[in-house]
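The same subunit A turns up in both complexes below, where it pairs with subunit B and then with subunit C.
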Partner chain A sequence: MSPALAIAFFFALTVFWSLLPFLPAWAESRRRRDAAPLRVVRRAEVDVRFFALRFREFLDQHLAGELAAAKADGRSREGRLEDGTAWLVAAADGPALLTAEESGERASQRLLLAAGDLTLPGEHSFLQEVHAVGALAGGPRNIYRAVLADGPVALGDESTTLRWLHTEDALAAGAGCALYGRVSAAASIRLGAGCRFERLHAPAIAFGEADAGAEANGDGAGGGRELAPRDLPGQVDFGAGRCLVEGDLEIEDEALIDFDLVVVGRLRLGRGARVNGSVKCRKDAELGHGVVIAGSLVGGRHLRLGAGCRTGGPVLAEGDVVLGAGCRVGGAGRPTTLSARRVTVSPGCTVHGTVWAHEGGRLLAADETGEEGHA
Partner chain B sequence: MFPDLAIAILDAIPRERLVTLFALIGRGHWLVTAMIWALYVIIFFVCVYLIRHYSFTLNRLYGRQRHPYLDVDEAEWPEVTVMVPAHNEQAVIGQILQVLLEVDYPRERLRVMPVNDRSDDGTAAIIEEFARANPDVVMPYERREGKAGKAAALAEAMAHVDTDLVLVFDADYVPGRGLVKQLTAPFFDPEVGAVMGRVVPANVEENLLTRLLDLERAGGYQVDQQARMNLHLVPQYGGTVGGVRRSALMEVGGWNTDSLAEDTDATYRLLLGGWKTAYQNRSECYELVPEGWPARVRQIKRWAKGHNQTMVRYFWKLVRSRRVGRLEKLDGLLLLGVYLMSPVMLVGWALAILLWFLGINKPGLIIILAVTSYSSIGNFATFFELATAARLDGSRDRIRLLPFLLFGFLVSLFSVSRAAVGQTMPWQRNGRLYWSKTDHNSRHNGRRHE
Partner chain C sequence: MPDRRDYPRAYDRVLRWQLEQLRRRGWAGGLISPHRAMLTLRLRPRHIVAASLMALLLSGGWVLIMNRVSGLWLHVMEFWRGVIGLPGYMTMVHYPVGDYWHLAVPRLICGALPLTTERWWLGVGLAALLLVASFLLPRRHVPIAYMLRAAAVLQIWSQYFFAAWPNAFPYDITGYVEVMVIAGLFLIGLVPILLGLTYYVFDFSLVRRLAVTFLIMVHLTLLVPMLFLAHAWLIHHLGLLFMPFLFLIFGLPLEVLVFIAFYSWAMSWRGDLDRTAAWRSGRRLVAAAPERGAAPTGKEDTHG
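So, the complex of A and B:
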């Protein structure tokens, strides 16, 4: 090969190699296979009731007639959807819901719909959605894929929901239930001792039975000395109603703070203290018994609320949240949000609004509350 | 080829001058030493930005993602004013006002304030119509005179706002129903002074430029901004699809009406004042990106000038600040310098070429290794970042367009450098501010969230 040819060949190879990445680029620019604007997250999809609402749409489209007919003539019906999924529409006073085979296997693969109230036996797995136009009562140790009810729902002890549950009334979950996914109720939710949960939503979410001894009404909070920003050690800035504090901060018992508080280090609010603003703590925060925060409580790490604490606004933690006995988050008619990586709740707490425990939440049993319940 | 070119250039220079030139910059001359060290410094800064790019990208791929305010779906929502600055926006102002009236937010706590800034088209009439139909929500502000520019309009209108929280949307943006709540939620954190949502191009399919800008935006928000949020660094308030806590902004001096980038300016003053800017990656809003290169060049030159203004104002203040953490400070300084890197890169290229053709390539192997390493890994950093952003967005085939970004980068490089050099010219330092608007294409006005 002559030198000139070799140089030409090398040059051509270099050009080809340089232009190679442009070939798929050119092809995509011509074909426009992926030229649509990015699909943004729709608000409806983050709604806690999203799946329930979609299931209701599905029922309205495919099985509303069957439900109405079953209610009208009192006879149960069954059939299959286009995809082969079996369904059963039970009349209010229809015959035994489950077949002998299902009872034997303790599992149902059918969509179970009830035109009225629905009572389910215990220790069964319901691997398709369950819907009741009326109330729904489940036996103990059941496993539900998803539940939609227009009436109140009562889950037996140690039951499990896998994807979602929604009721237009109240939900009562027995002791030891595991509520995975989205759980919502239009009226209220009450969890039994030892329940586990991920995402709860209701105007009032009661965790266990109220502990009258632990619950504080907050009226006496902040009855001690009123603290000005200059009283706080480490205070570096006060402006726009916010006091910024470097380092750790400990607030004395029953102190009254009338501004927003931002603490760069750790924070401890003494027993009965009151903050008529919001609190942010970049590290761990600990609230003593009966502390009241009128605004929000935000933690960069873990938040530990003592018994009988109250917050008016959202409680947001990037770490864990521990609620002592009788804590209250939000208020009647003033729903709010509690969000954390993990949430541990003592009996007697109430949250108005939404609870998100991204890695799981747990309601302690009465015999577990020693430390958390009386911080 | 290049030696021939160099010889041709050298041939064009009179021989006596050439001899003088080589005599001046011969080996060991102080000028050569200075050039080599300047090149080293430039390479150092390029490597710092390289590390920054990789850190952000790897954080988005493997780090813990922070969305601390995203879960707030129930709360006692505070009163908020949504400002819509508008200068001759008759094509789009009606659309955004209609959308804002339909957002999921307690109506009694929502104010919509279209700020009509000296429009001479039908903007005022449209605003008036909305205000008449919705007197409880739409509270327009009109200015007929005064300093030009969005910052001046916002500053003047802000005096008539009676809520502590203020969100800002440009008139050609189309917020979704839940966006006002999502952008308000971070303000429950009393440390947050500003919040920024994600901007998503709506007119992607228009042409190659819009597709490239879509990739750039994805990298900037999906990777850069979110990584800064994850790492507790300095997310940037972008002036639209975001908001500020009015009391905090006033405390640090309000909108800077002398700035071409009032948003970046506000970000840094809030930072120096001990306030945080929160970025909400999932609070997305469609925008229209420039569809022609001239508009794109104007846009990036304006950004560069504004950003450089901010750098001059706050660089040393940030260096000296005791309130800002070390990593935040480092990130803040690097963010201030991003638009300066374009002329710096050009100078670096010029130095490298000059030194090469002068036969000065000491210390030889190390330089060659550094250059080849940077070429293979460093140049790839931005592409890696944008490809990661596209992947995180679930986009597949648009990643194939990455090689074309080379052209976009070259245009940006020279535009930004020209803007930066221009800023140093005495006759441009006190230039008047003006509205620089993105050209609208009515074909895309109408995309909205479902």
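So, the complex of A and C:
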């Protein structure tokens, strides 16, 4: 091998070896196999009723005729779908809905559809979808895969929904229910004590009895001293109606703040304080009794709202949210969102719009509210 | 299944497990995977302990074989030095570290040819070439254009320095190659530590963690002697004028880029996040269950 060739070979080998690790990146830049955004079915993400609407479309395509016929002639019908799933269209409500085998096993693998109202016995599992054209009432300790009803729905105590539930009317869940997946109602949702939930949506979601937190309703909030930006310790910037505060901040009781507040550290709003704007806090935030925030409340970590607090806008937290008794989020005709990793709610709270507890939420029983109810 | 009235706790435990299974079942019995955008990874103390142990063990292992690698590099560099006709010779130097250990480093004894007017103008030509090329690149390659301009500015400063103080440059080929070889040895030893902080903490399997670690370490082990012997050849023939350029553009930064390139590739490998125990058990159930045998009828979407 000539010296020039040897040198060329050596340098070619070195360059090749140096560039070899960049081959996957170069290939990806050419092929762009992972460059597309993640596929998101927009309706699925935006509309909490997505699964219910899809199921209704399915019914319209496959079983609408059977439902109409059952309603017209008053006779129940049975059959199987293309995939072999058994279905029952019940013309009239009654105990004969389930077969002897289903009653014995306390489980039904059939798609249950009712042309009118539907009453289901307790301690049964309904492992296919349940649909009622009228009202639906379930006994205690039932397990539902999914429920769609045009009338009001009443779930017995300690019932469980596995995937979704939607009603075009109101939903009342008994004590100790576990509502997994999406639960939505066109009118309202009321949860009994000790209920667990993940994603709720209704114009009004009532947690427990409405009068549980009636003693503190935030009506007199902000009746004390009005605070200007210069009154806030650690204030570093004020502009466009927003005040940025470096470090922790504690606001005195009944103070009135007439601007948006951004706090880099922890925040504590004293009893009866009022903020006529939005509040954002990068660390934990704690609101005393009867605090009113006209706009949104956003927390980088945990948010703890005392009894009777109100927010006009969304409540969003990267960590957990604890609502004391009688809190209200949003308002009638002004739906909003409460979203957090975990949500713990005391009885008497109302949220207008959506509640999304990413890792689960819980409505405390009356005997558990000692701390949260009076935070 | 136990009866609730007789065994309430056992009943609840079994029921909870069964409900967890059912919650993730589609209407046709298939598994409903959560959307990729919704998956989150929680760093637990055992992950940190495992990542730390693995990083320390692998880095410790490298320290144990470092002198053997130096011996290998000595032979590799000596072989290629002969092939490319670089004058000089290779030797091994030992630096004591404490009382019981020493660091062996291959040393290349070699000088650079003196700076001449032709070589100086060659440097000017290189800088001009880089500058012109940076302006000819299409707009989508702006990052590369800026890199070329930075390299050109570096070479222009080098030209100025050697024009103003031609004999003041304090470095030589022998010292340069030796320092770069030592840096290479330590960089390779740091690879498991860096991966421990940035890769082992993620949800990749043990095999993948080991694979990316050995890929980077083996690649750099083979690259370092060849790369700096190539530098030595270029500096010997073109002069010390080009040493800053090679050091700052094709020296340690290139080795770091090699690490980043492998790292980004390894990060694109599929992790275990969507294969937690619950999902795995679900898949086994699906595999065991008989198929219903019909096409989906579209009752429900595949993610919730």
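Definition applied: the second predicted complex is superposed on the first by the 321 of 375 C-alpha atoms of A that agree within 3 Å, B and C clash if a C-alpha of one lies under 4 Å from a C-alpha of the other, contacts with A are read in each partner's own complex, and residues count from 1 in each chain.
Throughout what follows, a contact is a pair of C-beta atoms (placed from the backbone, for glycine too) under 8 Å apart; a residue touches a chain by one contact, two chains touch by 3 or more.
Here the structure is a predicted model, which means the values were calculated and not measured.
Looking at the shared chain after the overlay, A:Ala12 reaches neither subunit B nor subunit C. Contact with subunit B, but none with subunit C, is seen for A:Val298 once the two complexes are overlaid on the shared chain.
Once chain A of one complex is fitted onto chain A of the other, the partner contacts of A:Ala332 are absent, as it touches neither subunit B nor subunit C. When both complexes are overlaid on chain A, the residue A:Thr85 reaches subunit C alone and has no touch with subunit B. In the overlay built on the shared chain, the residue A:Ala228 is in contact with neither subunit B nor subunit C.
Of the two partner chains placed by the overlay, neither subunit B nor subunit C lies in contact with A:Ala72. Applying the stated contact rule after C-alpha superposition, one finds that A:Asp237 touches subunit B and leaves subunit C untouched. By the touch criterion stated above, A:Ala25 is placed in contact with subunit B and with subunit C alike.
In the superposed model, A:Glu129 makes contact with subunit C only, not with subunit B. Residues 21-22, 24-25, 28, 34, 38, 40-41, 44 of subunit A touch subunit B in one complex and subunit C in the other. Residues 21-22, 24-25, 27-29, 32-38, 40-44, 46-48, 201, 236-237, 239-242, 244, 260-262, 277-280, 295-296, 298, 312-314, 316, 318, 330, 334-337, 339, 353-354, 356 of subunit A touch subunit B in their complex.
Those residues of subunit A lying in contact with subunit C across their complex are 3, 6-7, 10-11, 13-14, 17-18, 20-22, 24-25, 28, 34, 38, 40-41, 44, 50-51, 54-55, 57-58, 62, 81-85, 127-129, 143, 145-146, 160, 162-164, 178, 180-182.
The part of subunit C that touches subunit A in the complex is made up of residues 19, 22-23, 27-28, 35-37, 80, 83-85, 219, 222-223, 226-227, 230, 233, 254, 257-258, 261-262, 264-265, 268, 292-301, 303-304. Subunit B makes touch with subunit A in their complex at residues 66, 68-69, 71-76, 104, 176-178, 185, 188-191, 200-205, 208, 211, 214, 218, 245, 247-248, 250-251, 273-274, 282, 284-286, 323, 393, 395-398, 400-404, 447, 449-450.
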